[in-house]
Amino acid sequence: MALLEIRDLHLAMRSFDGEAHVLNGIDLAVERREVWGLVGDTGCGKSLTGLSVSRLVPTPPGRFLAGEIRFEGRDLLACPEAEVAELRGTGIGMIFQDPTTNLNPAFSIRTQLVDVALSAARRDPAILEGARGRAAQAAAERLAAAMLDRVGIPDAAARLGDYPHEFSGGMRQRVLIAMALIGRPDLLIADEPTTALDVSVQAQILRLIRAMVEEFDMGVLLITHNLGVVAQSCTHVAVMYAGNIVESGPVRAVLTTPLHPYTRALLQAIPTRGVVRGALRGLAGAVPNLIAPPPGCRFAPRCPRATDACRAAVPPPRGEGHRVACLHPGDRDA
Amino acid sequence: MTHAVASARGQALRRGWFRFRQSGLSMLGAALVVAVLAIAIVGPWIAPFPGHVAGGVDTANRFLAPSLAHPFGTNELGQDVLSLVLAGTRISVLAGLGVVVLGTLFGTLVGAVAGFAGGWTDEVLMRLSDLKLTIPGLILAMAVAAALGAGLLNMVIAIALSWWPGYARLVRGEVLARKEEVYVAAARAIGASPARILFRHVLPNIVSPVVVKMSLDMGFAILTVASLGFIGIGVRPPTPEWGTLLSVSRSYMPDFWWTAVFPGLAMFVAIFGFNLLGDGLRDVLDPRARR
Amino acid sequence: MLRFVLRRLVLVLPVLLGMTVMMFIIARLLPGDPVALAAGPNATAAEIAAYAAEFGLDQPVTVQYWRYLSGLLGGDFGVSIFSRRPVLDDLLTYLPATLELVLAAMFLAVVLGIPAGLAAAVWRNRWPDYLGRVAALAAISMPRFFLGLLLQLGFAMWLLWLPLGGRFPIILEPPPLVTGFLTLDALIAGDGTAFATACRHLAMPAIAMCLSPLATIMRMMRASTIEVLQQDYVMTARALGLPARQIVFKYVAKNAVSATLTVIGLYFGWLLGGTVLVETVFDWPGLGLYATQAIVSQDFMPVIGVAMVIGLLFVLVNLVVDLLYGVINPKVRYS
Amino acid sequence: MLEIENVTKVYPGRQGMFGASPPVTALSGVSLAIAAGESFGLVGESGSGKTTLTRCILRLEAPTSGHIRFDGEDFARLTPVALRAMRARIQIVFQDPFASLNPRMSVHDIVTEPMVIHRATLGLGARQRSARAAELLDLVGLGPQHLHRHPHEFSGGQRQRICIARALACQPAMVLLDEPTSALDVSVQAQVLNLLADLQARLGLTYLFISHDLGVIRYVCDRTALIWRGQIVEEGTTERVFDAPASDYARMLIAAMPEVRFD
């Protein structure tokens, strides 16, 4: 049984213009100690997939049309909200993009860390070693200091009383990682955790997340738009386009022998070492309108290999391990 | 190709109208405002006793309770209260409009200059408006109205004098915010003159909040006009102003309550209508308030 | 921080100075002849001139202004040309009444408005929210003097539950003067009956007064709560399993209140200036009533005095609000 | 073509409630020389001073000390009128294509605005300006059908093309590119980068390309400088900087680049 298994997840979001079919049959399985990179362009549904796992997609305007999200075997979409809420923080931890806006500016980080620890301990007393009442508060403060130390904040105990604005961007993201991990989650969902950070800090944060995977024996869903980040810190990757996972598998296999035309286009658009000026390939055309998406493969309108069969029905993912949802896969240009 | 522009604008308008119509309260507000404006225009002519509006009295019929002939009853002079209330609408709406328009014109000018020029111009103009915020508006208006003497125009001027700083601050804040927009930096970078930046890039983008404030302020302006009337520094009888009517008739309570209650209700309904409308407009026009 | 406070206090001086200039301009340059009014309808020209000379009103405006300013330094607010009483004495008599009324109204508005706004935001777009929003708009649209009349009609004239007006019955002995607030003085004296009497007199004016700030605070609190609820850190708090109650009452409330605080400060000044109407309706012996009488008779020394006291209070309250804001929101920097 | 000589910019400190903040030195002694026709890359992380430098070059702000010369003319010595004329020759494309276009203006008005402002020097009538706007749109890969639409109808990549068209309207000699592709998706970024390279080759433009993304700089720039805490810490040909970085900072940055590479 996988730690997290998403099966055929369909999600629609209502807007003024109509209902957009934003997730169109997501299949994904994450095991402990796996780091899955979820990549794709803006609006492909990668963040919504992450939020769906914690059931944090607002409904309405969101509406789950079909599918299951199994966390340790339990279907979260079928659970009552209270049961899912029990899992947040202890079963599933989350980190978001901007460390500046994700910490509450009006409270010291002590308060914020301790509150998360205490609420996690109500469900899993082992987190604070069974301490109760006043002892629990003290234990939570000790744990908070230990976690800050663990994520690499120098002089952690002394900085507990500081407010978020007294930390740098990278340090804030470390605080948020400590907050996300203080309840010992089994799954960490990190939504663009380094996008708002400088390159030099980004590398440190990614290294930290990798180190935590081993230590906490958890699975990670790392949502990003940056294939370089995926290559450096993920074990597996799923490439999304317009609400579909078009290709997935072990990171090296997918990025060295990309089979889906979209994955290849993405890779060819990155200015890597040795690419001469003018040699990059952009992707012509635009993402389809998800309110009235094309009936078949959603990439077909921009795909050089598309045939009538592609335009007729959504191609199902094929293959074991390295899976691709394409009728004409291939690792060379047509 | 003009079609494309029309369709883009049209779509934005349609969306706005859709949002506006979805809110029953906004529609109620719009209906009330339309009714108030209509009465302001035709009020004196549909009044059942036009003679009373002009100051005529009918002492034989003093203090008649509300009836079919006098739905709002009659007052201490035997005048039909309904006629007075209908005729009073025009006074209140005119005065409110005058205050808001004067305040907007002057305030926008000051705010735009202060925000755009910055430096000491800004300092001086803003300290001036601070001063005004510190002096209680009603007391200032009362003092000015008293000094100028009774009369509708004097009252409008007196209130407008305490009204402009609100607009000045709003416009200044908006101008300062718009000045920081990247497209203004872009305009400066291509060498646009300050006047061009102000009129082409800054001012067109601050119309919405000013319009919203104007519609919200109409209610308050009417309220302030009535307040001055109530205190006795404003329009003098026999001009049928709501606040004045109320102040005269409060001494006949509780027995002849209708003489006070109906002008008061008229006031409330008119102000409520403008506030509902302004609130609805803000939801549609001010993107920050959309939620 | 002390420097900040001092700097702000020093900045008050030009404001007060500007205020006196402005009032002098209004008093002297606009038409109207206060002396003739004060001297009475039957006064001869000579009598009027003598009257003007007595108060120095025959001097040029600049001289009058200079005299006034130098008097101010010694705590002299001038003299009323009607009652011939020093304005300062009057101000000290009427200020506590107005303050008591305003503080009572503000207390009601804050205590009821903040939870109501929070509730409306949490139940956004459901019936408690709709009800609250309509009620708030209605409350803002209700002229205070009309509401006062309706309250009088209902509770004082028909139901006979509360006194029609005034602050304390003349026939009763008021509690010994300590703070000038009758309710507080009664409590200090341990006089239960006097306290009840003071409260019964205070009830209707305070309610008539508090409705509009209550509604504004509620609307402001609702808007800022909704804005805070959409912040990323609220999503993080939810994603990490904090209970909804804790998120709303602890994390969201503190941020939302700090945004609402500014409005409270501004409203305080507005209320101080707006007591006029309620005091007129309820015959409440406060600054507003005093100012109205002075204005009607174009007696400008008291008017300037009232404006200065209110302006000073306004500045002080906003200073306190700014300091509170800094305490609640550690990120704010003062410049 | 552009000489930046020993430029320093200090923002004065502020008096605060809980103590005063010290003055901030955003740039200290920055010197750069950009030759005509080259593509010069400036790399820096947030707070490095690269934005301040662009603002100083455009004279949106005045440097505290030092000189910036364009074609041998010192900006500080120019009269306002001469400065405005100079602005036709040095143009900028900003990072955020959603914020840098006035939402109330049509594409036609946006692209012709520089020509209206500099009509005295350019000598173009209204009809000629419209024709040139259509030409410019064609140059950046948009069509004449887009002329009368408003910014909100375009995607990020298209808006950035509109910004480029506006920048080229007065036939500038030099274009400042301030993170022009940072807000775009990779596939769109590639198109815009190719467009910029193509335009440079065709029109002989000089670029100052500012970015935090080393991969992008490596792709488009001939020479590169690294700015760190207001100082230039490394400068040289792009090849040299990437293959044999001299400073620790450059080595660290290059090592931290997230690249799709397995070794």
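Just so it is clear, A, B, C and D label the chains in written order, and each chain counts residues from 1 on its own.
Heads up, the rule we're going with is that contacts are C-beta pairs under 8 Å (C-beta built on N, C-alpha and C of every residue); 3 or more make two chains touch, one makes a residue touch a chain.
Computed from a predicted model, the values in this text were never measured in an experiment.
Across every pairing of chains, the maximum count of C-beta contacts belongs to B-C. Chain B has its Cα centroid nearest to the centroid of all protein Cα atoms in the structure.
Averaging Cα atoms per chain gives one point for each, and the point farthest from that of chain D is the centre of C. Centroids built from CA atoms put chain C at 23 Å from chain B. One simple way to say how far apart two chains are is to compare their mean CA positions; for chain B and chain D this gives 47 Å.
For the pair chain C and chain D, the distance between C-alpha centroids works out to 54 Å. Considering their complex, residues 54, 56, 85-90, 92-94, 96, 98, 101-107, 115-116, 119-120, 123, 163-165, 176, 179-180, 183 of chain A touch chain C.
Residues of chain D that touch chain B in their complex: 58, 60, 83-88, 91-92, 94, 96, 99-106, 113-114, 117-118, 145, 147-150, 152-153, 163, 166, 169-170.
Across the interface of their complex, chain A is touched by residues 231-233, 235-243, 246, 250-251, 254-255, 258, 328-331 of chain C. Those residues of chain D that touch chain A in the complex are listed here as 45-46, 155-156, 185-194, 197-198, 212-216, 218-220, 242, 252-253, 255-262.
Residues of chain B that touch chain C in their complex: 25, 127-128, 130-131, 133-140, 142-144, 146-149, 219, 223, 226-227, 230-233, 243, 246, 250, 253-254, 257, 260-261, 264, 267-268, 271-272, 275-276, 279, 289, 291.
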